[in-house]
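Please go over the structures that come below.
You will see chain A twice below: alongside chain B first, and alongside chain C after that.
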Partner chain A sequence: MIFRLFLLELRSIRSDGRLLALVAVALSILLLSVWIGAESQRVVTEGRTAAMETSRQQWESIDRLSAHGVGHYGSYVYKPNSPLSTLDSGVMPFTGKVVRVEAHVQNPPAHSDAASWSSLVRLGAFDAGTILAHLLPLILAFTAFSSVARDRETGLLRVLVAQGVPLRSVLWGKSLAYWFLSLLLVGALIIAHIALGQASGEPLTTDIKTRLMLFGASHSLHLLIVVLLSVWISARVSDSRSALMILMIAWLVTTVVLPRVTAELSSQIFPLRSQITFEDDMKEDRAKGLDGHNPRDERRDEVRQQVLEEYGVEEVRQLPVNIGGILMQKDEEYGNQVWDEHFGRRHDTVRKQIGVVQAISFLDPFLAARGLSMAFAGTDQFHDAQFQRQSENYRRDLIKALNDLDAKAGKREANGRWRREKIDYSEIADFQFEPQTVDFALKHRWPEIAALLTWLIASLALLHWGTRRIPIVGTGR
Partner chain B sequence: MISTFLALIQFEYQRISRSTMRFVAICVFLFCGFYAITSGAHHVEIWKQSLVELESRDLEQRTEALGWFANGAVGPEDRDWINITQPRWADRYAAAHAAMVPEPLAALAIGLSDIRSSWAVVSATRGAQPFRTSDPSTLGNAEKLLAGNFDLVFVLAYLMPLLLLVLMFDVGSLERDLGMMRMVRTQTLSPRFWWLLRVSMPVFMVAALVLILCLIGGVRTGAIEATFDQWLSYCGISLGYTFLWGLLFAAVLSAGTGSSTAALWMVGLWIGFCVIVPAAVRQVVSSQMPTLYASETTSVLRAERYEILLGNIENYKGPFYAARPQLSPPVKTPARAIVSDMDRLVRQAAFMSEVEGVSQNLSESEVSREAAVARFGWINPAYVYQRALCVLSGTESVSYRQHRQVILDSVKERQEALIQAQWKMKPVDKETFESLFSHGPWMGYGQAPEKGTYSQLLVLAAAAFVATGAFSRIRKSRERKTGVV
Partner chain C sequence: MIETREVRKSYGTTQALDALTLTVNPGEVLGLLGPNGAGKTTTIHLLAGFLQPDSGSVIIDGIDVVKNPDGARGRLGYIPENVALYPFLSAMENLQHFSALAGLKFRRDELAKKLVTSGLASDAIHRPVSTFSKGMRQKVGIAIATSKEAKALVLDEPASGLDPHASHELSMLVRKVADEGAAVLMATHDLFRAKESCDRVVILQDGKLVQELDPRSLTANDLEKIYLKQMESNA
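Let's turn to the complex of A and B:
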């Protein structure tokens, strides 16, 4: 029976030109977004390759600098785009793409897209994730708002129920029909993405396949929730105009108002300290350590004594190593503790802020869908933090390698002076980004998965058991 | 006519007050407006607090240095290599920042103020700061930035058209749904007047609500008192935007469809103008003019800077003296430390020229990107409206470009002051030291929006007006042919 009603509703949708036009528009927008996204991805990837080549060329042409000087000269690390960022750009436009890697300081990523755009950047992105999570629910609500109300107003519902068709089956048939439409859109999107990826020669790894599948599944679940609730409201409310208004206000509150209010709320509950306080506190803590450039530092003297004892000599000029490099590395290690403490506290606060949003996603399925969409596309805050962590690890390894070279690459001359050897810096490897697997996304986004499943169960329950007070006859009849 | 007018006002009042959903929609809109004003004010408070912290940091450092002057010392006792009578140390201790001070209206149009940094260090010897593009206090949580602002501009640009939609979608179309239109036409003196009044009533009502929110915002933020003209422009543009949407929806209603079709069309317009067009324009322009990886900037800040620092000083002296005809190389060879300081300044000046060049290129590429976006302005009203208010409030990209230029100018002024002091071959005295504090203006950047803003909105309004006429004609001809009203 449900299948028959499903087919009946599909036929009804097919005969309504307005609904077909809406679906066609949604499909065109989705496909267009994938195509433009793929084109942008290509340009950005080329840009990153060119930037990396330029930076590497500059690095390899270093000539007259000591190893420590090279530490100050530094390097640049360029953030790669996730292969699925064409589907959902997530936080990428708002986070820096370039990290300056240098001695003594941990720099945050800089040069974000948003920092060189006008306020247009505030008006949303044209990607599949946004269209599926923002627009498609509205389109579905607009197609489904009169699904039951129309049958009631025309008297069809009364006839169906009089013929023994359970009301529950009617709602199921209609819901499945609208969900089927959204599944077609999601399916077309994924096929288009794979086709474009294959055409441009991008590898389709198991991880990407899994991510794609989960991306599609999370959006499909969200859309199923939207459809179930829309059909139920259409059935529960006596006239279609009221149903339309309820659905529109619900859409507005859940996708436009609540996400912004939640973001504000999270930053008010767990505020981040201002940049100035953050910098001052770090500077103060940093000053407590041994300053590699301050010859009067007491801690510097302590380290010098330890090194002299380690090598069993009495004077620096007798050491077989350059003490400068050792002191610099000790200073770096102290600095790293300071960065870990302060940046760590900052990351913790951000995690708590995201935790608030995740908790509120139990009240708003859109928040859950958006979080999962970004996570499966590899473009959420957690994935971005991984880039920051890896670039900082690279910085630490690079500076340690340079300080070791500064300490050891050379020899002590007879007059006690340290003579530096010429160093080939091109042997030092460039930064290599290790992408996260899908498990990483699942590990950080389980609250959203739980929220979406809770909403799904609640919606199913509503459709199954919430039919008792649904009016069969319209008020006008 | 007057009795019709009064009767319609009474009817519209009853229509809204008896519809729970409409009443709820108005309340939600007003609540969102109040919340947006409070949220914007909170954001500006944090901004101001940052500037207070900045000021106290500068003051602390300057006071310490002035204390040395007062005690006849040149630096701290435990660091005898610091000598603030030398220009390079004077630069370090005469702490100054160029800061963007929030305009009162900034609370009503946050714009880019939570993305871009509103201050920068002014120093001739501590590297170029105009490229500080991120503020970790907000960039700490990019998901918050992604969610977007909740300021009054957002409420007016996004939510106001939806309120208008809720109040307007069944004006006339409900009568069609119920088959009452023929009766309405026979019972009114002028059906056109009836329709115009019915359509304009919700528009004026929403305009009044918009004005109330602007008024509350103006009082709450002190904009009415401090910058009345700008506040007035804010109200004027907001009302214009409200009437524009009224006109667009009137065009839909003039087609004479049923209420559900009218609602679909209105939502379509809203989705198109507030969601799809802005996002699509950004994506298209972004793919044509990508921001990429700032290779030019990073090259200047690293490779070219080191090339200057390690290069032959003689290569830079020529352009240095040519640009400053009032200076000449010292006749007698000064002490080695002074020569080193002078060389350092010569190199810094050469580096500064590179920074100016790359900053200029950066600004030009931003301007050309915005020009490309502006070409779609007449179909992108939400963005044009938002931009106009952000420009007024000093939180738009143009304000930040000016701010960046001010930072560059301040750094350059500081550099020239230090060069003058260095070439005098005398220690920096207290007065000269204090004069360095002035390098770092604190100012707001609110200004009148570009003229193109109004013309773009007017083009769309004219198109809506023409469409209203055309749809009305089509409806009449359809009615004549079919006889169905």
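Let's turn to the complex of A and C:
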């Protein structure tokens, strides 16, 4: 019975040119967004590859600099795009893509798309994730608002019910038809993404396949919730105009108002220090010591003394190593502790802010869908923080290698002066980003999964048990 | 059998039905007459389980409609004043789908026969109903309702929009359904059709049953006079 009603509703949608046009527009926008995403990905990748090559050439052409000098000369690491960022760019356009790695300083990622006055600043992101989470619920609400109300107004609902069709079957048939359209759109999007990826020679790894599947599933679940609630409201409210008004208000609240209120609320409850304050605090801690009682000069004296004792000599000029390199490395290690402390605190604050959003996603399924979409696309804040961590780890390894070379690559001359050897810096490897697996996304985003499932269960329960007060005849007699 | 016992129904402060008690026996056609707003459609909607009574009981073939609406509807055929159908389907497809939804399966020739028996021209059977007049849609609705071969049939102004010939055919069809053992309740304004097809006629005014008549013992003119007199006396 439900399958028959589902087919009838599909034919009804097909016969209504306006609904079909809406679906066609949604499909076109989605496919366009994938194509635009793939194109911009290609341009960005080309740009990054060229920049990386230039950086490498510059690195390999370093000739007369000391190892510590090279540490100051520094290098650049470039954030690779997640293969699924064409589907959902997440926070990536707003976070930096390039980190300058150098001695003594932990630079934040710079050169975000948003900071480069791209169209993003004027128009916002145009990607499939945004369209699926923002626009498609609106289109579904527009198509489903009259699904039951119209049948009640024309009298078709009475004929159906009189034939012995339970109301919940009517609601199920309609819901499945609208959800089927959503699945077609999500399916077409994923197929288009895979096709474009294959055409450009991108590998389709198991992790990407799983991420794609979960990306599609999370949006499909969100859209199912939207469909179930839209159809139920269409049934429960006495006329289609009221149903449309309720659905529009719900859309506005869930996709526009509540997300902004949540963002504001989370930053009020857990305020984040500005980048300038963050950097100033780090500089101060590095100079004065983390506890404020262990200044840099005292630390240097302490290290110098330890090294002299270790080598059993009384003067620096008697050491078989260059103490400059050792001091630099010790200072670097202290700086690393300071960074760990501050970055850790900052990351904790961000986690707490995300925690507020995750808690409120139990009130707003849009927030849950948005969070999952970004996470499965590998473009949320958790994934972004991984780039910052990995680039910092690379910086530490690089600077340590350089400081070790500065300390040991050379020899002490008879006059006590340290003579440096010529060093081939091309042996130092480039930064290699290790992408996170989908488990990482699942580990951080279980609250959103729970929120979405809770909404789904509630919507299903409403459709199953909430038909008792649904009017079969319109207002009046 | 169709029964209502002391049924009351109000919409806000308006009392639509006031202690309405009716019985329609198997094989009987009861005409429900009354002016607009008398409570005829409310009675039909209560019998079909579209509305819930404030008090009293509504019973179809022994099944309480409030307690078991799905069970009661399984034994009920319903023809509204304006039959709504799937406009993109043909008459045949509509009948096929609605029958299937009621759990009935018919061969295509059987479906065609039911439509023709309901008065639809055979060349209209495969046309989309979006091209149909109101009367033609009404005939498809009659085919849908009668194909259930239900124990009870309720009709809400079924002849509305039908031409005299189709209206007469409907009267004959209603009579045939009753003769096959169904209890039929027909709300109508059409006194002539009521006289033609009903075994009994009741007049409803302001939600109350005010008079019961045997139309066979009256001419159509007598019936009209009594009806108008009743309306005036209660005005």
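Going forward, the second predicted complex is superposed on the first by the 457 of 477 C-alpha atoms of A that agree within 3 Å, B and C clash if a C-alpha of one lies under 4 Å from a C-alpha of the other, contacts with A are read in each partner's own complex, and residues count from 1 in each chain.
What we mean here is this: contacts are C-beta pairs under 8 Å (C-beta built on N, C-alpha and C of every residue); 3 or more make two chains touch, one makes a residue touch a chain.
This is a predicted model, so every value here is computed, not measured.
Using the contact criterion defined above for the overlaid structures, shared-chain residue A:D380 touches chain B, although it does not reach chain C.
In the overlay built on the shared chain, the residue A:K422 is in contact with neither chain B nor chain C.
In the superposition on chain A, contact is made by A:S240 with chain B only, not with chain C. Contacts of A:V256 after superposition on the shared chain: chain B is touched, whereas chain C is not. Once the two structures are superposed, chain B and chain C can be ranked by residues of chain A touched, with B on top. Across the interface of their complex, chain A is touched by residues 21-22, 24-25, 28, 32, 35, 39, 42, 46, 49-50, 53-54, 57, 78-79, 111-112, 115-117, 131-150, 154, 158-159, 162, 165-166, 170, 174, 259-261, 263-264, 267-268, 271, 274-276, 278-284, 286-287, 290-295, 297-299, 301-303, 306, 310, 362, 365-366, 369-370, 373, 382-383, 386-387, 390, 395-398 of chain B.
Remark: chain A residues 1, 4-5, 8, 11-12, 14-15, 151, 154-156, 158-166, 472-473, 476-477 touch chain C in the complex. Across the complex, chain A is touched by residues 11, 16, 37, 39, 41-42, 45, 48-51, 70, 73-74, 76-78, 80, 82-89, 97-98, 100-103, 141, 144-145, 148 of chain C.
Within the complex formed with chain B, the chain A residues making contact are 18, 22, 29, 32-33, 36-37, 39-40, 43-44, 47-48, 50-51, 54-55, 58, 64-65, 73-74, 76, 78, 90-91, 94-98, 100, 108-127, 130, 134-135, 138, 142, 145-146, 240-242, 244-246, 248-249, 252-253, 256-257, 259-264, 266-268, 272-278, 280, 294, 296, 346, 349-350, 353-354, 357, 374, 380-381, 384.
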